[in-house]
Each structure stands twice: as structure tokens, then as C-alpha cells.
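These are the structures, in C-alpha cells.
Heads up, the next two complexes both have chain A, just with different partners, chain B and then chain C.
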Partner chain A sequence: MTSLVDAPASVQTAIRPPAPGRRRSRRTWPIVALLLGPSAVLITVFIVLPAVYGVWLSLTNTQLTGFAARNPQFIGLDNYTYLLASADFLASLGQTGTFLFWSAIIGQTVLGMVAAVLLSRTWVRGKGFFGAALLMPMVVPEVVASLTWASVLATSPEGTLNRLTGLFGADSTAWLQDFPMLAIILVNIWRGLAFAMIMFQAALEDVPAELIEASRVDGASAVQVFRYVTLPLIRGPVFLYLLLTTISTVGVFGLVYFLTRGGPGGQTTIAAIYIYERALQFSQIGIGSAASIILLVIVLVLGVVYVRLAKVQV
Partner chain B sequence: MTAISNPSAAPVVATRKRPLRPVDVVQRAIGYVLLVLLVLFCLVPFAWVVLSAVDADAGAIVKFPEFSFVNFTRFFSDPGTPLLLVNSLVIAISSTALNLALGIAGGYALSRFAFRGRRFFMFAILLIRVVPAPATIVALYLIMVNLQLANTLHGLILVQAVSGLPVTLWLMKGTVDAVPVELEEAAWTDGSTRLGAIRRIVLPVIGPGLGAAAMLQFMGSWGDFLTPLVLLQNQDLYPLAIGLFRAFTERNIVDWGLLAASGIVYVLPPAILYLFVRKHLLKSSLGGALKG
Partner chain C sequence: MKRTHVVAAFTATMVVAAGLTACSPADGGGGDGTDGPVTITIVETKQTNIDAIGAVIPDFEAAMEEQGKEIKVELIEDILTDEQFKTKMTQQLVAGQAPDVLDIGESMAVGWAAAGYLHPLDDYLDDWDGWDHWYPEIQEALTRQDGSVYTLAGGASVQNFFVRKDVLEEVGVDTSQPETWDELIDRLIEVKEQTGDTPIVIPAGTAWGGGTWFEGFQPLLGGTDTDYYDRESGTWDLESEGWLPVFELYHELVSNGLLPVEDLQNPNPWEPTKYVKFPAGDIQVAAQGTWGWRFDWGPEGATPIEGLDEKVITWQYPALRDGDRTYGWINTGGGYAIPESSENKDAAMEFIKFLTSGEALAEQLAASGAASARDDLDDVAPYSNEPRLLEAGEDLAESILVVTGDGTDQIGQAVATATELILSGEADGQQAYDAFVQDATELLGPSLVKE
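Right after this comes the complex of A and B.
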């Protein structure tokens, strides 16, 4: 997740004209091949090839075991027509959408923005402590994050969340059985809040303080200033964040798999888990690959939409 | 909640020279309440792992611990768990070393030479970040099986080193860009070879960029769950991530104390590395500013 942050900032360095002292000559080719060649070959084999091979696999009936494992056949778009008519797959896409919308686009964005705006106030004391505490969920490994929440969501009346709701007089609930989607949305908000906060803090730093002060002097309330001055100015970074969080949320696997393994009754089989189950547990490589390609296309379409939206008024 | 945050808001209000309007006081109080709630939301889930790790009688829920380090001694004396830690260390350290070696060489080439296809290469590897990992894992698994690299540690190390390579290349390219080429040229005129100049001039000054790249790669590899889950079937090769997952899901009776202690052991290396690299980064950038 963190690694995605670096990409946009570095884009600008690439657009810069080549630094002086760089020489273009025939003699550079051997040394470039020597230095960059291994990276280029490895990236091709372990990143590009899987993507291309995935497209081919999605057009075959490849299996991990059985007859089709030895002799896979080209079957055209059969896997795609199967998937698009499959209630399980469509339900899985729907769950991915629900998970993405409520956890990333609403939850992380709103809470991350609240945290970033509050921490940008001059009157807040203890910013170091607040910032460090909010970063904790992001820096621990996925498996530890899941483990902590397994205890919070524990079914017994002494589970942390049940104790909390018990304060308000509610009966104890088996959160991961009765409200599995709500539970994983909550966990993913917790996990991704800090990334949103970091992105928005960086964006807010670029908003000129005089503009905010001028609006305040003109009698605008804090909420009005945020809505009409700050938000339009950070529109670009907000959509960039939405793009990055969409990619990483669609790629969430371990966090959900650890807690629910897609259950109960397939209620939390988000697309990543659907692909894993189909391809590697039911050994239907072809169908799993077709599902991967459909997911990839959806992410790309969303990406284009965000980029368009970000540019409208900037 | 209000009771907790009001005292912290009060001194701020009191020490102000200009008296605050009541509406400001209310806004600040609400601000502190929200911040405290967010912090509680972020920190409370960790209570179980921290308390249970030092609890001789740990269970699935948060309770006051029967304080002891017995879970940690069990972690290191258990027949299975130390191997998980060793595997995790081998995988993360090797993949980071390989990633950095490739990244430094490639980043130097991308920064110092203008060759055909350089811009295309940079943007192509940037585009790779758009692809979610679960979308390529199936084809990657089959390729690894065909290359006889599935279910081996070196196969996993190779995959993880390469998956972080686009980011490392970008970072190292930017870092080398910031080193004046004149320094290198001076070394060449003093009779140094190109590689000699890289070793003596470039490597010593790219520490902070290298540290950042190393930390990102190490944490990515250390925390990775999906790739080892798919690529490794042999129990003796499991890293901590998979070992913890199996211990949580596949045993009838979960050993909560051991699980929590393993979780703490699992969190420590990236935490220590983070603190160390951060301090080092601060020092080196400060040193550069003072010398400059």
C-alpha cells in the first residue's frame, strides 16, 4: 500500500528533460543491458508474463488435476459466458463492490479526511502521539491485523466489541457469523484510515493558509470553508487517493480470508477470494483466470473514471 | 468520551491570550473528542495481542494478564515456531538484498543513460502497480510450477524481489538523479573506472533512498500472505504469516498465548527496522545539510 504513494510523486521526475551529462551513444548499450537487463528480464518473466498467460488461460479449460490438466483445450469465451451467468460470481462482484464502496470510498476517505483536517489545526496538542497512534493499524502485517480483530469480534459476551455494545444494553452478537460483511468493512476501514490521512495531510499542506484565513474573516464557518475552499483545491489528490485505495482494496485478500475464509455461506467471498477458491482449491484454472481478467478490466475502467473526474475542474 | 477529552482541551483554552469565542471552544472540544475516538478505534484492537502475549493463561478475549514471559519461551522452545521465524527472516532478507542489487544497477542505468525506450520502460513499470496481486496469482503459480520453482524458498524469494522491483527502480532512479554527475566525472578524470566511481562516489551518498527502498521491500516481503500461501505447500518452508494463519484456523484447540506471542515476535522486526531506518534517515539528511 505504502509503495503506491511514491509513484505519483516520481512521475514528475520522469517528465523532466534528461540531466546534463547523460550521453547518447552506441557505446552505452552494452552497459545499459548489463545494468538494467536483469531487472527487465525478471519483470517480464514474473510480472508481465503472468498477466499475458492469464489471458490465454482464461480462454482454455485448464485444470490443476484430472484429464484437462494434461491436455487443456482452447474453448473461446466459454469461461466468460459461464461466469457472467453464474450467480456465485455475480454475487462475489457485488460483495466486492459493497466492500469497496463502504470501506474504502466512504469509510477510509471520510475518517482519513477528518483525521487529516483535525491534525492540520494549529491548536491541536499532541499531534505526534495522535499521528503515531493512527499509523499503527497500517504498519503491522496483515496477519497480525486480522488476529487482533478476531479477538475484537469474538462471539463470547466478553469479546471487545460485545462488551462495548453491552454498555448500551445490546445482547452479545456473533459478529463474524451474523454480520460478516459489516465486520470486514470495519476491519478494512481500520486498516486503511492511516493511508488516507497521509495522502490528505500532504494535500492540505499545499492549500494556502491566507485563503482559509480570508474566508474565515469574511464570516464563513469552518464547515463552509472546508466545503467551498479547501475541498475544491484538493480535488486532484482526493481522486488520486480514490484510485489508489480502489486498487489496493480490490487486492485485499489476507485480511478477509483470515477472518472469514469467504463465509459464512459465501457472504464475504470478495472477488480475490473467489479467484483463489476457484483456481487453486477447486482447481478450475481457466475459470479463475477469466474471473481475474474481468476484475482487472473493472479496476481499469474505475481508474479511467477517477482520472476523468479528477481533471474536470482543475 | 467527553469526560476524557475535555480536560485536555481546557488548558489550551486557558493559556490563550486572546479569549476564545464560545463557538471556538465547542469546535475544539468536538475536535479533541473525534481525535480521541479515532485513536481508541485504532489502538484498542491491539489490546488483546499485547496482553495475551504476556499472559500465562491467555484466552480468546481481553482480560488482565497473569503476567509472565512463558509464551515467548514456548515460542522459542517449540519444535515448529522457531523455524517459521527463520524462514520469514531468510525470505525477507534475501528478497530485499536481491531487490536492492537489481534496483541499484537498474536505477543507475535509468538515471545516467539516455537510451531508446527509457521513458516507455519507466511508464510501463509504473502501470504494473495498477494490477491487483490476486488477479495474476493463478497464472504466476502455473509458471512457477513449470519452472520448478513452486514450493521452494528461492522461488518465493525471486517472486517477492521482482514484485517490489518497479517501486525500487523508480526510487533508485530518483535518488541517483539527485547525485551530481560532475562528482562522478571528476572521479573518472582521476583515473577511476565507471564501476569504481559508482562504488566510491554514488553508493555512499544514496543511503537515505536505499534505506527507504529497503524498508518498503522488507515490509512488503515480511507481511506478504497471498504469495507464500499459494506458492508453498511444504510445512517446513512456511513463513510466520502462514504459520500463524494455520495455527489460528486448522487446529481444534487454539493455543492463544503462543499465538499472541508469535504475533508480537512477527511485528517486532519491521518495527525495529522502521525505528532504525527513520533515525538513520534523519541523521543522514541532517548531516548532508550541515556539510552543505
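Right after this comes the complex of A and C.
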């Protein structure tokens, strides 16, 4: 049996009684408080308290207009039961899921990966041009991007896309009416592609070249190398990106609001639009808050799933 | 002390001082200007109103100075749609940060007055002989459910159908007043067959926002049924007999391809319909208030129609059911209001009285295209030089008005959603009505629905 006295110096250091550490922490806590305090205060004031207030509002029948605005009442879980039985709200969650799956998970992630892999190839020429072209949508402010696409997809023959299809003799198409969900999905892919590409490019650079070369020497094809060597090595960044893009896509509002306002016929009323309509247009803050909390819970669940799948620390 | 420290201390002091200055009122605040200078603010969201109000502010300030009152007016120009304005101003009212004078529509007046955001004007009106000049029906329209007046409108609009007479004559369709909807639909089908256009626009669906109820559905409903709102109990009768025929009318117009469905489902549906197709003659009939003569299609309007007076006539709403008559619909109930949070209520009321009287009112009415709500304005220029508006003023007495109360926002929302179902082909009239009843019942809650 090894006594503490007999143990090497390094071990002794490791199992040293905690008293001196506590003394040091007592000495350092003011500086820790000074450094972390402002952040903690800001997070509490601007995130925690509004979130708690949001939860409280979701348990009331608070309205911004009408007699009900004068005397909001605590109504328990009524807003939640109303929403979970509301076909409109459930439809908005479904549309959010469709929008998220096709634009963020499939579109941005897959195309971003393809762009990153292609741009990492030595034989590709004009990388600077392609990289810049893909980065442009990320740089453009959301409002400008939305107005640009509203012009591209305009119903009239003067719309850019209608002009292009008109060159081939096609009639004008009301893109935002006939294909509203497809339109906002494509625009969101266009807008988020650059961020995915940048993240995946950075991850690909960290994959050891010798591993790739070794697998090629062993006879693996390019697809096999990507599937069995590259992808497992960049799993962390991929899931981290999925987490980030899920959060940001579920929160997309301006893009859809400017292009379709949730229409036509509610076909693009994603959850963010539903919440805006309820809380601000129809002044039903209680219901809007409850819808926000439900959405928050869904995103948290998705986030936990991603983190578990990635086995990474966030 | 080091020089840099002195500079830093000076800068910090200036920043703090500037911050504190910004937080303090711009002047003494309160009063009607007799005890010191008062600056009041008013927000306008339409260029026509901005120009009209901006033009009369110097006259008001001079008039007040003659009375020994130092009142200045700051005009906040903020071009917004009605929906955007409503959303934005609701936040400001909740925060107590709204301007001293608001120029608002009926839906805002109802919802905000009920919520307690607006200051009742009764005491001011009791002491003002000008109030006696308002037509009694307009006074009634301005009186909210609790018996108080919160908004003062100097003008009123009569909602009718504006008709492109020139286009109808060109295709050989009768331009006389249609007596019934059957007659009107027959004519619209004839126009459609000859032009291929969707010939009529009536606000419908969710994209038109509150306008679907106030400018589209309610004028149709009110002409055939005035019992849908019970003022005594402050409740909505969702089983009143007029609802279903109006939903069926919408469905008939859609199924005959007479309404521009795609345009109505677009964001800002009034732009392709009222600002593009009607001026171009591609929509021949449009549900429209008096302001169409100036604000929409007048020489200084959003999209001027050259030769407007020769090309465009108005039809009253035809009868929807047996026994109904043709009618115009009075659109008012909004106007100028003072937020409860205003610290300059007396001065704000002075400005409102000025804006709703004499030449200042005559200029606004002529600019925006509204009939006078007062009985003493017909001889005041430039309003007296506007035969269309004077005619609309005469129509006021014979037009229909149903005063409603709390719950208009919810009713408007349910109507918009139900008519959207018709536009998208998901429902006929009966199905849309059923969806409306279910939706409205949920939104209004038991206290606002008639048993």
C-alpha cells in the first residue's frame, strides 16, 4: 500500500488536501466575480428574466388591446391546451418542420458540405470566385435579401425569373403563390449555404491528410474515403452546425414575412409567423408567449438530440 | 491628473449629462401653453395626411399665440401601412411612449379605447360648442361601448363601389346602378367574358389584414343585417342571419372567377388590385371609400387616374337578399385621439379642435377625400369646391352604419381566415361560415358572444 508520504511528488500534488485551493479560491473570487459578473448580470437581465416573464405571460390571458388588456388573469395551462388542440398552430409546427428539414438539414447542410468538399480539391480552379459568390448571400442584410428575392420571384412578367423563363416561351408564373414553400426553402438555402460551407471547410482542413492517403492506398474509392474516414472525423462540427442551423431556421421570420407573410392560404405560416400574428397583429400576447415556449421546448429537445448524437461538448 | 484622464472624465461627464438630458422632457410639459411653452407631437403615416397636417401647423401655432398660448407641434412622419402602424403604436401605447396626438382608424379606436390607452374626450367636448356641429349619426359612431368619446373625426367616408364607366361602356355593359347582387354578378360575368379580367375587387383573406373586415365584409354584412352586434350587451351574434349569405356571396364571386384570387393572397394585395389593375382598367369594379377620389386615384393620389371624374362613377352596394335596398356604408369611428399617457392633453385637445374645424378641416378633407362630419363646412373652401365630396356628404344621411365594440379585432381575424379558405378553394360559403363561427367563438371568449 502506498502512503501519501511515499508517493511521488506529482501524485502528492494531485491529491493534496483542498485547504490551500480553497484559500486560493478565496483570494481569486473577487477577480472571478469582476470578470464574470457583468456577463452574468447581462444574461440575467436580458435573457433569464424575459424568459421567466415569457413563461408567466404564457400562463395568463394577457392581450394588448380590448377590455381584456385592462385586467389580465392567470389561466393556468389554458393557452397550452388551446394551442395543442389548434389546427392552425399544429399546421404551423408542421410547416416549420418542413421548412427546417428541407432548407436547413438537407439543403444547407448537404449543399454546404458539397461546396466545402469541392473547394478543398486542389484541381478546382477559381476557388476565390466561387467562395466569394457563396459568401455574398450571408453578407447581404435579411431585408435586402428578401426584397431582392421578392423582385426575382415577382408574379408579373417583369419578375426576373419570369423574364428568364419567358426567353423559353413560358408564361409568367406566380412563384410565391404556386410554390410558396419551395420558394422560401430555396431562399433560405441560398442564404445559409455560406455558413455551412465555412464550417465544413474548417473541419475538413483538420482531417489528417495521411489518413486519406492511407485509405486510398488501401483501395478505397473517393466516396468510401468520405463516408468511412472523413465524415466520422468531422462528425462534431457537422452536428454543431446542425444545432446552430436548427436554432436559426426555426427562428427565421423576416425572410418569410417579407416574401409571403405566411400565405397564400397559410401555406407558409411557419411558427415564427404564427407567433408574430398572434402576439402582435392580433394582440394576444398570452397565446403568443405560450406558442413561443412550446417552440423553445421543441428546439431544446432537438438540441439535446444533436448533442447526444455528436457526442461533443457544447 | 494625466491629460488622458481629464479627457476621459470630461467625456464620461458629457455622456452622462447627455443621457440625463435625453431622459428629461423637452419642455416644462403639461398645460395648454398658457403657463409656458408646450411642444406636442403628432404622427402621420400617409403622405397625403403628412402634407395636409404639415400645411396647417403654422396656422395653429399662430392662432394659439394670438390666444396667449405657446404651443408648438412636432409632426412625426412615418410612412407605414395601417397594420404596421397598429402594431408599432400598440407597443408604444403599452410602453407609455406614444405621441400626444394619434390619427387612427376605427379598429384601433375600438381596441385601444377598451384597453384604456386613450383619454376620454367627453369633458373637453362638453365645454366646446363646436361638438354640436357634428352630425348626430357620426357622434353616435364615435361613442364607444362605455358611453365615452375617445376619437374625434372631422371627416367620414361613404363606402361604395367605384366603377370604370369608360371600360364598361367600351364592352357594352350597362353602367346604371345594379339593384341586386344577381344583376351585378351577371354584368361582371359579361365583363369577364369580354375582357378575360377578374372584374371586381373586394377585400378578402388574411393578407388584407383588418381591411378584410372593415372595408370588405362588414359593408356587405351591414347592408343586409344590422343585428350582428348587440350594443346593449356588448356581444356579437354569430348566428345572426346575415353572416352566411355574405360568405356565400364571396364563394359565388370566387367560383365564377370574378375576384382576383392570386392578388388577394399576395402580401399588400391592394397594390396589384387598386394601385395597378383598377387604374389600368383591368379591374372594373372596386369596393372603395370616398378617399378613392383623392388618396388613391386623385391627381395627387397614390396612382392618379387621368380624367378620373369622367372615367369613374360610383354604385351603391346592391341588395343581397329579398327586401334589401341599395345602400352606401358609412366608414368612420376613428379620428384624432389623445393617449392616456400624454402629458400634454390640454394642448393636444386644442390642436385636435383646430384640426377638426374650419379651413384646417376643409383642407384635410379636400386632400384626403372625405366627406365632412360637421354640418357647417359645406361653404368652406377648398372643401366647398369638391362636388364629389359634397355629394358624399349628402349620402351620409342615407347610408348605413352599425356601431360595434370590443372584439372587432377578433371578428376581423376570424373573417379574414374564413374568407381565405374560400379564396384558396378549401371551403364553400357554408363551410367558411362554420369555420368562422368556430374561430370567432374561440377568439372572443364567452363574454363577447351572444348566447
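Assume the second predicted complex is superposed on the first by the 251 of 314 C-alpha atoms of A that agree within 3 Å, B and C clash if a C-alpha of one lies under 4 Å from a C-alpha of the other, contacts with A are read in each partner's own complex, and residues count from 1 in each chain.
To be clear about the criterion, contacts are C-beta pairs under 8 Å (C-beta built on N, C-alpha and C of every residue); 3 or more make two chains touch, one makes a residue touch a chain.
None of these values were measured; they are calculated from a predicted model.
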Per residue count on chain A, the busier partner among chain B and chain C is B
- Query: Thinking of the overlay built on chain A, is A:Leu280 touched by chain B (first), by chain C (second), by both, or by neither?
  - Reply: both
Open item on the list: Is A:Ala271 touching anything from chain B or chain C once the two structures are fitted on A? First, second, both or neither.
Closed with: first
State whether A:Ser172 touches chain B only (first), chain C only (second), both chains, or neither.
neither
* Is A:Gln201 contacted by the first partner chain B, the second partner chain C, both or neither? -> neither
First (chain B), second (chain C), both or neither touched by A:Glu142 | first
Q. Which partner does A:Ser120 reach: the first (chain B), the second (chain C), both, or neither?
A. neither
If you stack the two complexes on chain A, which partner ends up touching A:Arg261: first (chain B), second (chain C), both, or neither? both
Footprint intersection on chain A (chain B / chain C) at 258, 261, 280
Per the touch rule above, chain A residues touching chain C in the complex are 63-70, 82, 88, 155, 174, 176-177, 258-266, 280-283
Listed in rising order, chain B residues that touch chain A in their complex are 8, 12, 27-28, 31-32, 34-35, 38-39, 41-49, 52, 60-63, 102-103, 105-106, 108-115, 119, 121-123, 125-126, 128-143, 158-159, 161-167, 169-171, 173-174, 177, 181-182, 185, 194, 216, 219-220, 222-223, 225-226, 229-230, 240-241, 244-245, 248-249, 259-260, 263, 266-267, 270-271, 274
In the complex, the residues of chain A that touch chain B are 2-4, 6-7, 10-11, 13-14, 18-24, 28-29, 31-32, 34-36, 38-40, 42-43, 45-51, 53-54, 57, 62, 111, 114-115, 118-119, 121, 123-126, 130, 133-134, 136-137, 139-144, 147-152, 154, 156, 158-160, 190, 193-194, 222, 247-248, 250-251, 253-254, 257-258, 261, 271-272, 275-276, 279-280, 285, 288-289, 292-293, 295-296, 299-300, 303
Residue positions on chain C within touch of chain A in the complex are 83, 86-87, 90-91, 94, 111-112, 114-116, 205-207, 209, 262, 265-267, 272, 406-407, 409-410, 413, 417, 420-421, 423-424, 426, 442-443, 445
